[in-house]
Amino acid sequence: MRLFFNYTLVGLTQGMIYAAVALGLVLAWRSTRILNFAQGAMAMVTTYVAETLLEHSVGYWEALVVAVAAGLVLGAVTERVVIRPVESRNPLNAVIVAIGVLIFLEASAAGIWGSQERGFPAPFSVIGYTVGGSGIEFTPFNLFVILAVLAMMGLLMALFRFTALGLRMRASAFSPEVAGMLGVRVKRLLTLGWALAAGVGALAGLFVAPSVFLFPQNMDEILIFGFTAAIIGGLDSPLGALVGGLVSGLALSYIGGYVGSSFTASGAVLLLVLVLMVRPSGLFSSSQARRV
Amino acid sequence: MAGIVADPDPVAPATTHAADPAGAPPGRIGPAALHRLRLPTQPLLRHGLLAVIAGAACYLLSVQVSSFSNFNIAEVAVYTIVIAGLALLVGGTGQVSLGHAALMCVGAYAYADLEAHNPHIPLAVGVIFATALTAAAGGIVGAAAARLRGPYLAGVTLALGLAVPQLADHYFSSDQGISVSFTPPSSVETNHWLAWICLLCALIVLFLIANLRTSRWARAFSAVRDDEIAASLAGINVARTQILGFVISAACAGLGGALLAIGDLGATSGSFPISLSILLIAGMVIGGTGTLVGAVWGGLLVVYGPIWLDDVVGSTTSQLGVNLPSIVFGALIVLVVIFLPDGIQGSLNRVVSRVQKRLQW
Amino acid sequence: MNGSLVIEDLSASYGPIQALAGVSFSVPEAAITAVLGANGAGKTTLLRTITGLVRPDAGSANYDGVDLARIEVAEHVRHGVAHVPEGRGVIAELTVEENLRLGGLFRRDRAGIRQSITEALELFPPLAERRRRSANTLSGGERQMLVVGRALVARPRLLLLDEPSLGLAPRVTAQIMALLRRLVSEQGLTVLLVEQNARSALSVADRAVVLALGRVVMDDTAAAVGADDALRHHYLGY
């Protein structure tokens, strides 16, 4: 029973990270219909930026803000310079371009900061809480991560649902031609979508670095599971990213714990196949065909 | 993303359409030119002849160069096989696979495991077994994937690409893998023999795929790729065609994996990471998805890209210098896709057809 | 004239097909001008060219000092021009109210959006009933109401409508036509109305332009066009 409890806690925390990565993927997808393979690498770069600041005695929270800002810039620049030329072409081309960016960023990071694993601090304790006299797999930092990701999601959903900007972004995502006709400058919002995606990713990178350490490829596996989460949730839906993340996190935690750690990726495959069999576009996708 | 390769033009141009077998798809030498060059116009003969000529040329090359170069040649042949199959899947049937190295892994382990239990089995038998087993695995994946489109298929294959090596590690005791023995006939040097075997397999595969592309199957493939609903209305069994695409590309991947295991003298899961799957896709797109020669470019890119970049740009003196080849590689991928959307071969084809128009061939 | 739309020598083609060939006419301010003609006469192409969805080969569509045919589609709203497209235009994933609000995002006086939305909902009661529901629950006729309402929320000075009666019950069509008439007289709205249903258009229009094969064959008052039997039989089918 205690095992189940611990696996659940670990799954929830991991799930939140996957949800954050998934949210970044959803934001990029909604605006440009492109899978941002470089999402993880961008998060890794912004984490290095934060680490550099920390080394120069900048406080953690200031470094976090700068990392997110750097993410916004990185995402915007990538979309404008590298993705824009291939946006209207075959989607596979855009995937390859994103992969090129991934390789470029990982190699650049190794070139600038070296490929040696580095530690990265957590702003709260990483010692587990004790419940009833014994420790559990849940730390104050984990709690912070869960709350932070929820808060970020809440902010973004508020942005989308209640602001004029959010309305324009949603309109552009659902129907760029009609939105354009109504005066929305769709192309700028594409850039904004990627900027937000990378900003969200930056947070994910910062939250994950304490446990997986900081090195150029540290986000690779997380990206794949974040992908899984995004697809399960339905690529169109931020709420889906959250649910998909939690489901993935929990499922992979149970599978890893009860069956074995060499079965996590197989578990992801199984999860994907099961969900997609029942809902081919993911759990929360707007499954109705877009009518014009 | 309604089918990740829904638009056939940029990545898989009309050269896959068998609308007029004797005619001239853009960039190809037309019937008049073929007569001039005394090449047969009938596809089977033409492909056979080209294969023989290419084979002779490769043999001559192989004999001239060093043992190490022969190993590289063998690798190029292997990756050409895999990428040709992948291009058939992606460019031909419009289904994406971001985990194709997993199928290579299946082929490698299949061969190695068979050999481990049957030490005296002939190489050809082992290779055929590995190919067939991987083809069957591809069929299963294809069947599971038949309902999935674009990004959803991408996600599943990506996870699969991660899962298979993990499972291989688990079931075949640790990441040391299984070792494989390879003894060439007494008078031949090991790597030369390896290169000849791999080249032979590559030529056979390219020959078969070339004939497939000019057969009536090609029409079914491209119909399914372009518009599933229209294809099924035209009487094509969409699911079966898609699964066939997976089976064939899996067979190629399995063959490649088995050959790789032979060359590496062992099958290890570490040889088939996700980055290889990604590299295969990148090599395919940059080489030019729509053409078979593009697969050769892809193979060259995968093997020689890193080597060449290391030579030209790399240096061991600084942290930046060591990573510069990869930095340039990433940038090159971006630039090639943006400025040469049809890949290297596609762009060459366009140049050739423009020259042809001038010379009126 | 400041408030009128002047189409001058407008030509457009789809590849080898010449859809518009040197079309010229004026759309006077504070009046309804109907563009009529058989299917394929070029009416929709005309509208799409004016609104910037199709690039013209030659000619211009000048309104208030700006050539509408050559500025970005998204800029039109900022010049007080609203387009009600044929058939499409409702964003199904958004609610009725959100669709309406979207219409008003770029008007000069943002503060008046609330008021305009309320007015639009009053004009079309079926929309008011479903105001917070997703737009894809609307029927065809209701979607057309939504698209018209949305254009009105933009408080345009020039309104371009492409076959607003298509797929609508006659009662609803009459309602929309009457609404246009009212807005013209109350607010001085300028209207360019492309219509297949010539009869209903002529009953409400001030001027009428008849197109055939991409050219103007008649440009006169609506009454004159309506009275010309030969023209009606030949070009308008009744």
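Each chain carries a letter (A, B and C) given by its place in the written order, and its residues are counted from 1.
Here is the rule we use: a residue touches a chain if its C-beta (ideal position, glycine included) is under 8 Å from a C-beta of that chain, and two chains touch if they have at least 3 such contacts.
This is a predicted model, so every value here is computed, not measured.
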Taking each chain's centre as the average of its Cα atoms, which is closest to the average over all protein Cα atoms shown?
-> A
Most distant chain from chain C, judged by the mean position of its C-alpha atoms | B
Chain B to chain C: how many Å between their CA centres?
-> 54
Chain A and chain C have mean C-alpha positions lying a whole-number Å distance apart equal to 44
Taking each chain's centre as the mean of its CA atoms, how far is chain A from chain B in angstrom?
-> 32
What residues of chain B sit close enough to touch chain A in their complex?
-> 1, 4-7, 9-11, 90, 96, 144, 147-152, 154-156, 158-160, 162-163, 166-167, 169-170, 274-275, 278, 281-282, 285-286, 319-320, 322-327, 329-334, 337-338, 341
List of chain C residues in touch with chain A within their complex | 51, 53, 73-78, 83, 85, 87-94, 98, 101-103, 105-106, 136, 150, 154
Chain A contacts chain B in the complex at 29, 33, 35, 37, 82, 85-86, 89-93, 95-97, 99-108, 110-112, 114-115, 220-221, 224, 227-228, 230-231, 235, 260, 262-266, 268-269, 272-273, 276-277, 280-282
Given the complex, residues on chain A that touch chain C span 164, 167-168, 170-171, 174-175, 178-186, 286, 288, 290-292
